[in-house]
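We just call them A, B, C and D in the order they show up, numbering each chain from 1.
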């Protein structure tokens, strides 16, 4: 499947805005991921082609930045803060509850493809520790107790 | 606008950002008009007189940084100067720039326009952490509105000054927040820090003179222009000007952001955050994020500014306190920090790439009770050898060594006690 | 001192250098006293008004270069600015700096003191090609004498200005003369050029603002200070100020150095050098060393300054003409140049490391009659692809492509004629 | 044989003058060569030791700069200009005469150890083409005809 037209023009717009193909590489990857959840090998090659850069160079960017996903992720990505303030306020218990409930560890996706769990640098929510980010909007949720995990996953929080 | 809380005084309780009209109604963008009637040199002098220290962590004087920026036509090569606003906040314990970006985007844009003018920059970029989606869209909306009102773009307000301002959303990796790594990232590369010199003011983005200022620093600029240097200095309790957007988190009852005079003490901030939680008794604190050395109760009354914190052998850093009660082990906190810094190292310089994972493993072994006395020697050696500046391109390693060195010097007995079966605090022995 | 030959007017016929006393007796070092009573900015303005173009080859305005140098305390980082005097003359056909160093060392030292003062440099280095042993010792003696007379060192002549001046003898390799390679060499590394930006004025020797000026440029400075900008401009026949130390070599009857007004024509210079030797008929000439494109008899009356030579699709370069008579084949001359540049490439950038030996091999094959039409295509492609600036860190490759490209465009038929059995000129066919 | 004392102190003086061991590396090599004609492996190691740099780093300098000799040279080094102006004025004939007379090619040393012949970048003597540099003082000789070679080697020029 070739690169869909809207994505193509978004990427070319980024090239204009960022002043060239190289500085627009990361934004191009972000745009692909925004549309499709992750960046496949096929898309990587297509974007490299569109930008006129080598696949190796584009992948060197894709693999450096932790929030560009080079394998498929679940519909909802949960990024759990592993900063010290969250840890002091029960972050480990929250982590365990999440992993138990989802049946996965960090970096994994549930079998039904609904959730991916990732540990994150301090999410800038230390006043709401323990906290996490959830979904495409990276919504900040916290403080969250282990008991709140069920409600969160059912969309209640 | 509040006279004493310039940074946060206009924010709404629900953090919803202002429209341009709303922002103007509370006096917004008047500073842009005023600034454009001054010369860049007058602006730098004003900010110099205000004694505004950069709020990103190092506390370098904003005016001094700006003064390094050559006027148009006085630097070799072709192109404009660049202003970069650093909104990549990812420091453990830091949560202040998120607030300024989400709740007060026009304040950031206003400051960026003035700072760009003062630094002879015709192009400015606000780099924002990917996770701060609300901040990214708030700033983007503010830019669009400002462009429509000719507060950005060509011949701004008839002044002849042109400025293109855009947002660069980042995509993770703590090191992006390091100013030279950030420049590498903006040029489309991996965020690998660069050796200094050249400093960014000499050769930064695309080799052009570049200033990188923190979101909080930039947010203060319009207020200095509006109310003057004397007013700004008077806000502070110390020699360093202004208020500071402090934060308190960790073992406190009501973790929160607090705008307060520069030089407010940790005691006051912790009190305002509802006091120490857990055991209710303070063991120690980090004054400004994960990379700042531990301080103890004896330092509760030390004014929290860059100078006083340095004199107390710590750093103000981001000014966001991490509080540890007696029931919280600083070895465990340091272990978590170290794992973070080890993971976030870009891997370029050997001491950092190799030293941090090693230190992190030893700290975990201490917690688990599997460490040996020789491991503690290795920690001491690592802190001593890799702590001083200049051993690596950037200060990620040096920063990470701060809490480690202070852990070893202040809590040596506690660290050694871990050799005998792991953390004594966790086991209820202390 | 001669009014019209400032550069060489004081030189003795036997090239023996002056003692300090002798130099002072002919007015030497009066310019240092005068300069130290001016401000650095006034000096830069004076040299600006004189329109002194750098004599190293590129012709960049000296005052513009100096103006990029930040005043004390206005650049980030710690340390002084540096002035470097480039005496690494190794360009094929260039033999002018040897004379200035050997015969007029105090003129160089005097100029260095003034230029250092103008560029806020407290440390200056005269880098001299290893082979110029007489120049090295003459300059060393001049420095020692100047130090003893407080014309160097601390608080020079009571002005408060301090300057440490030393000699760095190099050890071969043409690339050392490239200003950023020279900086790498002075820092103790291989002489590998550096990417620009940062330009040396931003971050040069030890990361400090650095100016690199050619020996001839520096030698002119005292005279501008002594006699003023108007006098200096009046020396020239064109817009570019001063006299030029031209040279004429190759197929002329009396190869020699000639100081003459900037803008003197090749016809006059060749005449003064005794006219064309060999067949007595001019085929072509390179105006300023091996890296300058060929010109033909039609350009004999073009004023030889940087601007006019550029307009004629060549370069003034070092201003030392290489003259070819009808009996000398430009393919052969280019082949020798190309072998030189191929050998002297530092090897860092691929187009230069790989392209130059290839071009050299093809040119030799043309001479020998073993080349193919496709080889000429490769030469054309190499010149077109690697000639433009920016494909490599420095301009060694670009410079070498100058004569090659002009050979192909001006003497295409002659080049093609080589395909049929080698050089037709050598074989007496042309 | 350890580094002779005068050489040692000259090198340390260069370190002081040049502002450190690294910038003084080349000068240290020059000093060794000035004293001994070339830089042997043993001397290289001793100088590296004195300067506190690695042998590899010092050798990377020694091998880059063409006028640092890493093998023995003859008592008298002749550097023959191979620039274009010398070539036009009979440089090839001079070269052939020198090689014939000495019985060596470029980069070689006569069997009796008296002469080493090297081709050089333009020696800055284009007004005396064809020209060469000779001896420790790099004395410029030119114009020199093939007939003058004998006299030169007998010290007559």
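In this section, a residue touches a chain if its C-beta (ideal position, glycine included) is under 8 Å from a C-beta of that chain, and two chains touch if they have at least 3 such contacts.
Just so it is clear, the structure is predicted and the values come from calculations on it, not from any experiment.
Least step count on the touch graph, chain A to chain D: 3. If you average the CA atoms of chain A and of chain B, the two centres end up 24 Å from each other. Our note on geometry: chain A versus chain C, Cα centroid distance of 57 Å, whole angstroms. The distance from the centre of chain B to the centre of chain C, with each centre set as the mean of the Cα atoms, comes to 49 Å. Shown here, the protein chains touch in a chain-like sequence that does not close on itself. Contact between chains, per the stated criterion, is found for A-B, B-C, C-D.
Residues 89-95, 97-98, 129-134, 166, 168-174, 185-191, 247, 249-251, 255-257, 278, 290, 320, 322, 324, 328, 332-333, 336-337, 339-340, 344 of chain B are the ones touching chain A in the complex.
Touching chain C in their complex are the following residues of chain D: 17-18, 20-27, 29-30, 60-61, 64-68, 79, 82-85, 87-89, 120-129, 133, 137-138. Against chain C, in their complex, chain B makes its touches with residues 65, 67-68, 70, 74-77, 196-199, 201-203, 207-208.
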